[in-house]
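Next up: the structures, one after another.
Presented sequentially are two complexes of chain A, the first with chain B as partner and the second with chain C.
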Partner chain A sequence: MMEPILDISGLNLSFTTYGKRTQVLHDVSLRVGKGERVALIGQSGSGKTVTMRAIIGTLPIPPAKIEGGVIQFEGRDLLQMAKVERNRLKGTGISIIMQDPLLSFNPVLTIGRQMDDIVRYADVRLGSKRNSGLRKATILDTLQKVRLPDGAQIYDAYPMMLSGGMRQRVLIAMALLNKPRLLIADEPGTALDVTTQKEILKLLNQLVKEENLSLLLITHNLGVVREISDRVYVMENGHIVEEATRKDIFEQPRHAYTKKLMTSVLPLYGKRVRNFENNRQSDPKIEIQGVTKEFRGKVSFFSKKYRVVRAVDNVNLQIENGDIFGIAGESGSGKTTLAKMLLALHSPTDGQIKIDGRPLSNFSNSREFRRLIQIVYQNPGSSLNPKRTVTQALTVPLKFCGYDSTQIKSRISELLDMVDLPKSYASMYPHELSGGQKQRVAIARALSVNPKILVLDEPTSALDVLIQNTVIELLLRLREELNLTYVFISHDLSLMRNFCNRVAIMFRGQICEQGETREIFTDPQHAYTRALLSSIPVISEQEEQQKPKVTDAERQAVLASSTALK
Partner chain B sequence: MAFYLAKRTLSLLLVLFGLAILIFIIARIVPGDPARIALGPLATANQVLEMRHEMGLDKPFIVQLWDYLSGLFRGDLGKSFLTSRPVMQDIVGALPATFELVLFTIILQITISIPLGVIAAIYRDTWVDNISRVISLIGVVTPGFVLAIILQLVASYKFQFFPVTGRLDAGIDYEATYTGLLIIDSLIDGRWDVLGDALRHIILPSIALAAAGIGQVMRITRSSMIEVSGRDFIEASRAYGIPERVVRFRYMLRIACVAPLTILGLEFASLIGNAFIVEFVFSWPGIASYGVRTILEKDLNAVIGVVLVSGVFFVVANLTIDIILGFIDPRNRLREGAEK
Partner chain C sequence: MIELSEQASTERFMTSRQMAWFRFRRNPAALIGATIVISVTMLAIFAPILSPSPQSAGSFVDFAHRHHPPSAEFWFGTDNVGRDIFTRVIFGYRISLSLVVGVLGFAVPFGVILGLLAGYFGGRTEFIIMRFTDVMLAIPPLAMALAITAVLSPSLVNAMIAITMLWWTWHTRLIFRIVKAQMSEDYVEAAKVAGASHAHIMFKELLPNCISAISVKISLDAGFVILFGAALSFLGLGVHPPTPDLGTMVSTGSEYLPEFWWEALMPGLAILYAILGFNLLGDGLRDMMDVEV
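For the complex of A and B:
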């Protein structure tokens, strides 16, 4: 085994809140060799973020308390080190790439100012000094390394002026500024679209080689692990349960938890794929005919000019009874706008939408319309009012339908039954429920008025993979029992492959391709669909082989650049 | 930035114009004939008619409004019945004292409440935080005039640290000629005795005025500091080894001070309201004492003038805060300005 740069052994850590002590890490041991790429995987709450914070030294102590163990960095114990020494290593010995490119910048300072501070105070800690010109040269040089050619402009920009992909690159540059030896990456690229994520992972791999770095990757995404690690640690409830090389962990996982994680990843290709079929008869529930939506924003207060953004551009779709119709696309592709038009929350600029055979404009009685079509939102944490109990949340739509109080009571227990929640949950508040349970309540709320169509806006993307699958099972069962039609809006194509019978791919407001799910995935025609599918991280070599091929020229033609300024 | 400023100033002028019209209409709706009120119950009907003519009350409403607005434009607010001088002259005479008091109060509020809020946030849930919570609560629940009287009784009467009333001791011979603000003018003239005396006079009324705002702004500073401290970019700055002092003051406070500053701007209205009472208690020769007297006497022209001036105070204070916020948070001006 190669010489370790980071060697954690027997780390025990606890949190004390309101006098109650909870042990979060149990005897965690982990090694990262020089030049090695190591991944630490686990679900949210497994303790991987706490481990990361213990290494970089940003744990709040108290409430956190390190109860024992050693964290050796280049042979010296970080926990025994004097504070000054430890601070000296921050950013220069060990550095971190933050997870969320949208939240990890100070919004009120320019990029250059933030980067300059990082360089300047590292100098202060090391007792050296560079003038501002030299510091700026270092910054521009580092921006060059992450393939951002417009360094000078980025230097003067505020974070809000850059795209998500560019911000992620700048975040990487920030971590590299002081030439660290160990780089910790917290869920790199997972907040981005898959096509951008792919570029970021490629960049990270290149940088590790070029800069001679060691990498510790913290993630829950097994597809990412496969692309960017040599060795893998699996963490469950604060215990390291398995350690193996990348090859072994994917081909022969030993621990039950690892196996469970592996099977919970939905396959894109191969035998495990579930083909969902719907016997389509011509009984259209939703017809979208030539629908366009334009948003107009005044260029300025005094000017008469408008800036027109065509969010949805001449879309034609027919959704039959019993379909699970997937509308896929990356952020900004117009899929959410389309969903809002289905719910009559936006009206189309042009074209017509028919629901259940009747044009939207015909539903003068909105009560009737709301009973026909309902929505389940992405994040149950924010779509449920935190100050209202489950019963209160469910009562609103039922009252709207004219139920009296005894009917409401029996209907609520019926609904909770439907979504597999115990009746005792009726009096609970959202914060007492887990993410999956909250989403079940949101589904129950949508079903309360007996709709025929449900619009599902990323219904599982805020949930952990294991929970995600149970919610999907529930949705499949409900569709069967209640004869529902689903419109499924998502950017998660693996999920779509296993859940939808038809998909439409949206690209810059237009439907670039639609058809049977199996056909789209096995034989995509449009270059964008191919670029999209080929970017999805998968967990086996066989699947990797079956992804559609796309040339670099095609990629560049259809994908937004994450390196150049808008 | 220039565009942002221009836009803000324009909206300020619009607000003031609207305010002027509104006050005029209200003053005309108030029951009672202004001429009768001015002359008193003993005047004859003929005298009232004459007075109405002199005041222009016999003209159609729209003409009155026009006269009033065009007068406003020339800086003419009409005549006060109480003092028989132009209202403008009365106000200009009383304004500096009020301006000095309010300005001093605001500076007191900012310099006390924001640092205390930051300290409370840093040492949150310790005794430091608890004490600051008690202080802010007392500040918020004690009405300004009660505090004013208590301060007078204790600090002035019992211990005689500070003078009880007024702006300067009677024995001091000094005329503020540059800005009308005693503190600034005495600095310019190098009259240290005047400066000291003016400060001793202003300290009690401004504490009485500032207390409520200090309590509130302190709590808001604390909670927004705590909110910002949980953001990702703060953890990032710490992980990159930026010193705690810099993280707190450059990275956190800069964002966290947006909410308290906005509140200070809004609080300004109640500050002016309180200033009326506090000035009265301390016999401060400002616009408030004048305002109270004219309101009680239903001296309408003067009342309009006083209300307009407080309106200008409020609007200008908020404009200033908007400009400061524009510098602090670039998103404000980028959203409204930079787009072409």
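For the complex of A and C:
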């Protein structure tokens, strides 16, 4: 075994909230060798972020309390170290890459200023001093390292002028500014689109090699782990339940929890893939004919000029009765705008949408229309009113569709039954429910007035992977029982492969490819589809082999690069 | 089938109300504030029973005990016509609190409804309501109050009207800001998709999310309304003598400074006490409910 740079042993940690003590970490032991890439995986709430914060010393104490254990960094115990000394290691010894590149910047300061602060304060801590010219040289040099060629331009740019991928690169550069020896990455790239995420992971791998870094990766995404680690620790409820090399963990997981995590990852190719067929009689439920949506914004208050953004551009789709129709695309591709037009929340600038054979304009928000099509939102935390109980949430659509109070009552208990929630939940508030349960309530609300079509706007992306599968099972069952048609909007192509019978890929407002799911995934025609599919992190070598191949030139042609200024 | 991990997270040992109470209890300032507010309210309600000489509240004269300094008999001393200042202070609280109830009873619903309308409908409605609010905010409050009371003749009710006309603006702005932020939450759109009416979305969906901010604001407001009312009557635009009003008492008492200092100081301290209570309570509620006002 390599000489360890970070060696945690027997770490016990508890939180005391509202007078009640909860042990969060149980005897956690973890080692990162010099030059090694170690991944710490687990579901949300398993304690991985707490572990990370214990290492970098940003836990609020109290309520947190370290009850025992040693965190050794290069042979010295961080927990015993004087505060001044520990501070000196910040950025120079241990550095961290934050999770969300969109939220980790101060929007009113230039990138250069924010990076300069990091160098300057590290100098202060170390008692050295560099002049501003030298500091700028260091910064430009580091930007070069993360493959951002226009360093000088980025230095003067404000965060909002950079794309998500570029901001992620700048965040990585910030972590590298003071030449750390251990880099901690918290869910790197998961806030970004898959194609950008792929580039970021590649960059991290290169940097670890070039800069001779050690890497501790914290993630819940097994696909990411496969691309960027040498050794893996699996965490469940504050316990390390398994430790193995990357090869072993994917080929022969030992612990039941690890196995469960593995099987919950949906396959993209291979035998485990579920092919979903629609065997109902063909009968078009939704027809989208040449639909275009433009948003106009005034350039400035006094100007008469308008800036036109074409979010959806001449889209034609036909969705049959019983279809689970997937609309895939990255952020900004126009898929959500399309969904909102289906629900008549936006009206198309051009073209026509027919639902159940009738043009949307014939309905005009009537009860009849609401009984035909409903939506389940991405984030149940936002789509359920925090101040209203489950019963109150479910009552709204019923009341406005003309149910009387006794009917409402019996319908609510029927609905809770339908989505497998106990009746006692009727009086609970959303914050008393888990994410999966909230999403069940949201599904129940959408189904309350017996619609024929459900629009599912990334219904599982806010949920943990294990819970995601139970929600998908529920949706499949309900489709059978209630004879539903789904329009499934997502960026998660693995999920789409296993859930939809037909898919359409959206790219910059247009449908670039559509057809039977199996055909699209095995033989994608459009370069963008191929680039997208090849970027999805998978968990086995066989799947890796079956992904479509894209040349760099093709990739450049279709993807917005994460290194060039907008 | 529901996953075990899903079940586990609903295990709870405290309801949200209990948690809020826990935070409140741990906050000494909030507890002091609550105690003060309760004591002021109790004193005001039971003033005729609690006061040592209820007749002092009216046009009672006792020249034998003029300008009597604070003592065991007269806790806060007596004024220029021999009335017990302590009695007048607790009767003064009655006036102050009825002013608070009157002002906030009109200003809050009015301001909240305008804020809801502006935030929910946006566009032209928002422009008209919010610009009108801005115009009202631009008028110096004291000048406005002076103008109104000058036209309507000074009395408690007219002072109330004057303060109300200025006070709703702050609630409009507060609610507007909250509603505007809430509008981007999916639950608003979800309610629209469910076919809910505008009134339902405004009052049943959005308003409950403003309640905690409103209650904090009301608590903080109460102190300022008392202060503003006292300022008006200090200037002679509020309640008429001999009705015991804290502002008037400070004003009359100040004529006898410095030798009979208690006559201005005691009512002044009484104002301070009440305002301090409402502000501490408001701050405590804000910490407890975690809202920005």
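One rule holds in what follows: the second predicted complex is superposed on the first by the 562 of 566 C-alpha atoms of A that agree within 3 Å, B and C clash if a C-alpha of one lies under 4 Å from a C-alpha of the other, contacts with A are read in each partner's own complex, and residues count from 1 in each chain.
Here is the rule we go by: a residue touches a chain if its C-beta (ideal position, glycine included) is under 8 Å from a C-beta of that chain, and two chains touch if they have at least 3 such contacts.
Values in this document were obtained by computation on a predicted structure and should not be read as measured data.
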Simultaneous placement of chain C and chain B on chain A, clash or fit: clash
Contacts of A:Met174 with chain B and chain C, given as first, second, both or neither: first
Contacts of A:Leu103 with chain B and chain C, given as first, second, both or neither: first
Partner chain(s) touched by A:Gln510 [first = chain B, second = chain C, both, neither]: neither
First, second, both or neither for A:Ile118, with chain B first and chain C second: first
Chain B versus chain C as contact partner of A:Met160, first or second or both or neither: first
Chain B versus chain C as contact partner of A:Gly91, first or second or both or neither: first
Residues of chain A that touch chain B when the two form their complex: 56-58, 87-92, 95-96, 98-100, 103-109, 117-118, 121-122, 124-125, 158, 160-161, 174-175, 177-178, 299-301
Chain B residues within the chain A interface of the complex: 7, 231-233, 235-243, 246, 250-251, 254-255, 328-331, 334, 339-340
Chain A - residues contacting chain C, complex: 18-20, 43, 45, 343, 345, 365, 367, 370, 374-375, 377-379, 382-388, 392, 396-397, 400-401, 420-421, 429, 431-434, 436-437, 442, 445, 448-449, 464, 466-467, 470, 473
Contact set on chain C toward chain A in their complex: 1-3, 5-6, 9-10, 12-14, 16, 18-19, 22, 185-187, 189-197, 200, 204-205, 208-209, 211
